[in-house]
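Labels for the chains are A, B, C and D, by order of writing; each one numbers its residues from 1.
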């Protein structure tokens, strides 16, 4: 890779970060707006999360007495992991400045790092709700993990690699594979994973006010001001990242395989369009769902595990 | 004179002379000398290991040293990697022991006794000679020495707690059952191969009948599996590791357990030269069950050291998955994949040694500072013991297999090896096609539960508010303990960001095992970990750098955007309630409650609820006591029937021993006659 | 699901059209200035001893018809996330301290809305033995919304005065 | 239709058949389970049709029509009527909980793949490669038969078993002779009707169709 190409690739990564950071709050706003419209409301507008964030960044930050550096560092870790992933996942182009960072296992593990940081912060406050949230979050994480890795397994069989860039490029090269049973089953499994990891219905209700039903919200009850802004931004970025990951794994059309400016532009537009479409679809589906009892969630996850396992089996036997 | 000579001479000489000196010197200088001697023996091990890894084969024979024959030592790269591992753990544990075994101002530390202090270097030395042994007799002698010295160390605190005696009994029983299995297996092997040196075994292995080879393999699997703590022979781990002094726990859990893995690789792949596919599947299955069972028990454990012991079973299980899968693919002739998986197992052994040392030493610091192992009573240590907390955090990050921790690297290599078991268009055999996805699922669930386990251990044990006065008044450990932990944590960090550095060494190890080597499994590259033969690359260094850069970027942007006004310190929000009470916090038990319920069918926890009403009325409740115990279900299902059988045999055989000397002599005579008749008939 | 979808299509949008933005100066309280960085108002609701009449009206204000969320107001589960406290009811003895604690827990800049006659001047409960006093006795109040209970329109107007939308 | 497209369609249809079978284990709502069974019937009919098109076999068209009428229309209608009569809308307490059922389903499916390996090797083709799906559905049906309490769930398990056998037959031999297929189908219909009567009798006798109630009848 020539020096110029490296510069371009770095710039492309920068563009991805900018698109995800700027776009994520609007995605959250869009999903809330869709939900509001379906409920017959007027809705606060797509830009409401941006207004919320802008305000939160300028509010006073507080720190409960008796908390340690973990409490302060957790939002930073969470946001940094999201920013890192926005740079390395091939959203816009499959050409990367450096190799060895976009392996799907590593991507999932870095995502998990953010979750763990927040869970530790929830425990660090020493409140009952923070602890409950952390406890539930790691339980869900532990049960989601097998599904994720098996889905990755199923996807990687096709191209013989678990590197995201390879998978995306492989799907671009032979689009018919998307309709294979293995791919479809993996897509279903992955959808459940995205819902569980992003804390959406029916696993977690992002707009609940009732502490006893919270998972993600319970861990952030103590945050305020810029710390809360970072957590909220990171949470919307994670949703955007997961949705972007999902669409690029199963419908990568539009992702540039070169660094040509026009291809990059198309990549950006397609990314925004695709993620927005999936986001709207998710929001519409959520209107029809109620939150599952926490102890029914394992059933959902066992089901998704089954799909992932079948996907792997199908990729072995029907290949 | 090579590096190995120097190293092993240092080990043997240092340990013997050191033990003698320690036995003679007064109590107050013993911790320092014992620690230094142990660390010195460890340095010897590291030197010998580096020498072994550099590739040149090294053999020494000392005829007549052992009663039945010669002592034969030989160091190759496979020995080297385990010498390095044991030596490095010993250095950290030795330095740590200087502080840990020192007497507290007002009471005597049982770990400071003459026996214990003199035994530690001997234990380390006997461990170091296990990978260097090159004949059956030598191996069995040092193996037994290792078992005896560790048993003495486990029993250190037997005057304080009766549970120590119980643990010692279990450990002694299991380790000797294991020894019998290894001895039977190797002696049978040696008898058929026509020689007891490893060279003779290697040469004779090919001529053994398949049934004989399999018998030998199963026997050594039982023996080494018992030492490695594989299910169902794991029962001694959660007893002995918590009860031993913590630096000994670290030595046992990080180093000695790895020697079980060493034995399995040495006999299975080197001496026997690999075997049929079902060997691999057997090891893979045992490994998967161990990993899952271990992590499940760890995720609901509340005793910090018991949790770490179960986590050892988990990690050994992961290593066994790698070894088993390597065996399966080696039997199928896919040596590139087998090489990657074997490299994954070895790398995980190194990583596990590094983070488990940190964790056990950290648990020891907590134990010394608070007298507590119970996570339900800990908490808030981050303010009282900041450095210990930070170092424990590094270890926990590694054990949770999260980037940028070191455990993540080896689990990644393991997963890569497993998922490349099939490529498009190549139909795999059904057994592989079923067992490998299940193995991936097990590794994944293990990783997930591992995260839950170590979030609990770190979050409940070290963060939040203290849950007892002992935890609230803890003080940071003395300097040597912090240095010991620091050494281990530093090796965690190095392994985490630059695992590619050990790629060359691992390749030389695989050279010893031609069955599982095609090309160098981890291509040499300083920055990125590239797997040979399969498409897979990951750069822990770049990921770490990327994360740090992102964090800096985020911090700078947030500072520009929001300013850097200090956070107002406020009371904890307790829903309008007046103040926080540490009784509102989640304990380890309540933290693991959702998991306990999800895995209710497997764990079957036992609950006790006592409701105490006021004397005035049965309806007014004064207090509610809730106790939960999660017994080891495998142990409960398998061992009592076994022990009952053994006991009934014992009762029966007492009839044979009625105290008459004549009868005893007659037994000897009959035995001799039978032996003679057997010899006469068979020859 | 299909049935629900049909209902949705039949009902369509039920939110009433947004009335023109209220004139801030016409509010009862002179201190009711919008927060800086307006357009977003997170509210923590504190029931300091209300008869739950006001709560029903708050529910209505945030329901689909009046849809207070469209002006950027949102109820949140923790005072740490809040910009404003929405206090209802006369402050009872048991709720006086929690109210103070909640106020303390809210990060600056913050506003307090006393909702309903009880919160303003103890209403029908004035002088009752369990009542500590109106909200303004306990914490500084910025906006008062009269009524027993206040109508959803009045609540929405008060919130709009703070969000500036 | 090109070979590649028909192979892909075959894969997708057989995948969907397996999916519906798994979902019947997942759902508790009996009405939803019956709907799944109807969908499965349509899919099996589609499978027969596809095979018929591939092999230009008129008998398979007829079989597809028969399957469609019986499995997608008649049987679900009967079941719906039983459901409406019984008033039990949910499988409340299966002997094995849903999470374990799903994990068991995963194991059974993998087992089916292993078992059918040698069979596929006999005559590898696109159709026989999907054979594990049929066997898996048979096993899942059996599993449901064993672990569910409600009489209606048991009938559904039985039907699942039959669907599995039909699928296997189509995939392995491109359809059993039409006469046999019709005979078996009528048998199934008969069995379902008998079971419906038994279930109604049970409800009259015990007030519910929980089969555990029957254990009181032993001597």
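Just so it is clear, a contact is a pair of C-beta atoms (placed from the backbone, for glycine too) under 8 Å apart; a residue touches a chain by one contact, two chains touch by 3 or more.
Values in this document were obtained by computation on a predicted structure and should not be read as measured data.
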From chain B, the most remote chain by mean C-alpha position: C
Between the pairs A-C and B-C, the one where more C-beta pairs touch: A-C
Averaged-CA centre spacing for the pair chain B and chain A, given as whole angstrom: 35
Euclidean distance of C-alpha centroids - chain B vs chain C, Å: 59
Geometric centre distance via CA averages, chain D-chain C, whole Å: 57
Residue list for chain D, restricted to those that touch at least two other chains: 99, 110, 113
Sites on chain C at which at least two other chains make contact: 78, 80, 105, 107
Multi-chain contact residues (two or more partners), chain B: 433-434, 437-438, 568, 570-571, 573, 598
Pairwise chain contacts under the document criterion: A-B, A-C, A-D, B-C, B-D
Of all residues in chain A, those that touch chain B in their complex: 57-58, 60-66, 68-70, 72, 76-77, 79-81, 83-84, 87-88, 98-101, 103, 105-106, 109-110, 112-113, 116, 119-120, 123-128, 131-132, 134-136, 138-139, 141-150, 152-153, 156-163, 166, 211, 221-222, 225-227, 229-230, 294-295, 298, 305, 309, 312-313, 315-317, 319
Complex interface listing, chain A residues touching chain D: 176, 179-181, 184-185, 298-299, 302-303, 305-307, 309-310, 313-314, 316-318
Chain B partner contacts - residues on chain D that touch it in the complex: 97, 99-100, 110-111, 113-114, 117
Chain D - residues contacting chain A, complex: 4, 8, 11-12, 14-15, 18-19, 22, 26, 98-99, 102-103, 105-106, 109-110, 113, 129-130, 132
Chain B - residues contacting chain D, complex: 429-431, 433-434, 437-438, 598, 601
